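First chain A sits with chain B, and in the next complex the same chain sits with chain C.
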Partner chain A sequence: MSTTETTGTSEPTDDVALFDVDHPAPVIEPPRARTAKTPKSTRGNFEMYGWLFMRLSGIVLVVLVLGHLLIQLVLDGGVSKVGFAFVAGRWASPFWQVWDLAMLWLAMLHGANGLRTVINDYAERDNTRFWLKWLLYAATVFTVLLGTLVIFTFDPNIR
Partner chain B sequence: MPAGTLYRGREGMWSWVAHRVTGVLIFFFLFVHVLDTALVRVSPEAYDDTVAIYKTPLVNLMEYGLVAAILFHALNGLRVIAVDFWSKGAKYQKQMLWTVMGVWIVLMAGAFYPVLQHTLRTLFGS
Partner chain C sequence: MSTATLDKNDAAGPVDSAENSATHLITVTLRIRRFNPEVSADSDWQDFTLEIDPKERVLDALHKIKWEQDGTLTFRRSCAHGICGSDAMRINGRNRLACKTLLKDIGPDKPITVEPIKGLTVLKDLVVDMEPFFQAYRDVMPFLVTSGNEPTRERYQSPEDRERFDDTTKCILCAACTSSCPVFWNDGQYFGPAAIVNAHRFIFDSRDEAGEQRLEILNDRDGVWRCRTTFNCTDACPRGIEVTKAIQEVKRALITRRF
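Then we have the complex of A and B:
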């Protein structure tokens, strides 16, 4: 491997300039460049926003979910204290209602979008993929709506 | 099986497999969890009877497993984000994985007693 420069010995052809200001070289269009004739893209940026959402929601979920687990499973006797009275005490505070609501929506959408990727990866037949995703979306909408309803309609004096 | 995968094993692939498996597990848990929490709208008894299942030794142990899955998914998720957004992320991905595993082991050791204390106290007395 030699990187020695050849100095001073220019080839004879170098003396003849093929192109100059008055005779510019022809412009070569870059391959796949978008021109006026290129059809408009029919795809949006959905996958890119999905990718970004996985990362942004992930960062927020670290705080929401690990905080939730700390409260439910670690502090104050672990799982022993969990029960109706405990939930009534927590949902008396709007702070924890908003916390749980954000956790519900972000975790469900993050998880559903993740599962959509998994289905796309493993279900190879169009039909299977279609029905699995339909099932996923139905279960996701149902769970998010049910969880939201439960937070907003919780009644500590139900009995 | 997905056709023509190019993965060749090693840490990068196994951490991806574990991230995927834990993510799917947590999603299925969350689905059940929202259903059991919804029982607070039925009656205090229905809710408390169901939560009693969470306090049996086997399910309590599964909660420790859930903590393991979430801690791995969370820590490795932060690593994936660092690989994507930090200019040196790809270069240090392996070191970051070992950091993730180290932090995971420490947190799992610390969570052992708090999470399982209900079972430990009922089985071996206080």
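Then we have the complex of A and C:
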């Protein structure tokens, strides 16, 4: 009853009419609460491999991405040298093909796995989770395949 | 009690002490998040102002309010000495035990906010439904599992082996850590720090034989890999357990035992 003093104005009368001992207000339950019916262990080590992959790919990406930025933006006249001829020249070498391929795959999978955990952490409803992840996986597969295709089928005589 | 006053002036003694006790009282405002489903579907803040010794605890202030101002104020407490883990609440935006928080330590010159812990269903005022929390605790099998004949005396353990999991034996299951975890706030399926701490207590116990089983449980989609190491749990723990470190040790055990 004391709470009605603080709520003030005309609201309390509505509330009193709506809720009483026999008809309490609904409580707000947190998302996806654990119950006795919660399914037990999913088995498999997917989450562990995902966690390990994030750490290992992160270390490799530091080298790949910083090296990439250095070559593209700093050395040999900086960004002004980057053009069709420069890219064609680099991709003529299998070393740079592998470098760019590794960077593409690791960065995309690293980012996708990171976003997957963000979706798992913050999307509350199962439907939202499903569609957000579906969109994420589709975008990832598309980008990875397109990039791989370009790296391997790049034709310097396209013009 | 009487000897000190008898040494002084007989008449002035009691008056002095009464005056002294009155002068060091301060006025404190407690801003409490109230919710009563039998009155309203909404929760709201209610201010209580009281005269109290700043060396008293928040729990004493809550008692004073409940006993002298508003008997409908609802909160949990049992031992009132930081052992039972009943009175974890969010005080000035941080999870603490009301019985271990002195008013003078949390800026009593400004209103002190008191809320129920987050991520669990609020039933009334500061009381939350602890069932999902204890379900996660039960799910990690928090008991000694052994095989073979029961020894006629105690199970021996070297001081070093005991030291290995000493930190995590201190848990009082107050839920301050689990309800400070942002992953738990958004997804109650996550085991939460407290369940992992209590699994850690047995996984690294040399007498226990179900460590592998518990690791497998925590290898779950909602197990230790969901920890983002935000250290909220370590900050919140009223027992000073290094919660995040314990979770990381479970992760390390999972990786080293798999490879």
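The working rule: the second predicted complex is superposed on the first by the 117 of 159 C-alpha atoms of A that agree within 3 Å, B and C clash if a C-alpha of one lies under 4 Å from a C-alpha of the other, contacts with A are read in each partner's own complex, and residues count from 1 in each chain.
Quick note on the criterion: a residue touches a chain if its C-beta (ideal position, glycine included) is under 8 Å from a C-beta of that chain, and two chains touch if they have at least 3 such contacts.
Since this is a predicted model, take the numbers as computed values, not measurements.
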| item | value |
| --- | --- |
| Partner chain(s) touched by A:126 [first = chain B, second = chain C, both, neither] | neither |
| Chain B versus chain C as contact partner of A:107, first or second or both or neither | first |
| Touched partner set for A:139, first chain B, second chain C, both or neither | first |
| Partner chain in contact with A:45 - chain B first, chain C second, else both or neither | second |
| Touching partner for A:20 - first (chain B), second (chain C), both, neither | second |
| Contacts of A:62 with chain B and chain C, given as first, second, both or neither | first |
| Chain B versus chain C as contact partner of A:154, first or second or both or neither | first |
| Overlapping contact positions on chain A, where the chain C interface meets the chain B interface | 121-122, 124 |
| List of chain A residues in touch with chain B within their complex | 55, 58-59, 61-62, 65-66, 69, 73-75, 77-80, 82-85, 87, 104, 107-108, 111-112, 114-115, 118, 121-122, 124, 139, 143, 146-147, 149-150, 153-155, 158-159 |
| Contacting residues of chain C [partner chain A, same complex] | 34, 36-41, 44-46, 70, 72, 119-123, 129, 131-132, 135-136, 139, 182-183, 185-189, 216-217, 219-221, 223, 225-226, 228, 251, 254-255, 258 |
| Chain C-touching residues of chain A, taken from the complex the two chains share | 1-4, 6-7, 11-12, 15-16, 18-21, 24-36, 38, 40-43, 45-48, 50-52, 117, 120-122, 124 |
| Interface residues, chain B side, partner chain A - complex | 2-3, 20, 23-24, 26-27, 30-31, 34-35, 37-38, 40-41, 43-44, 47-48, 51, 54-55, 60, 63, 67, 70-71, 74, 77-78, 80-81, 84-85, 111, 114-118, 121 |
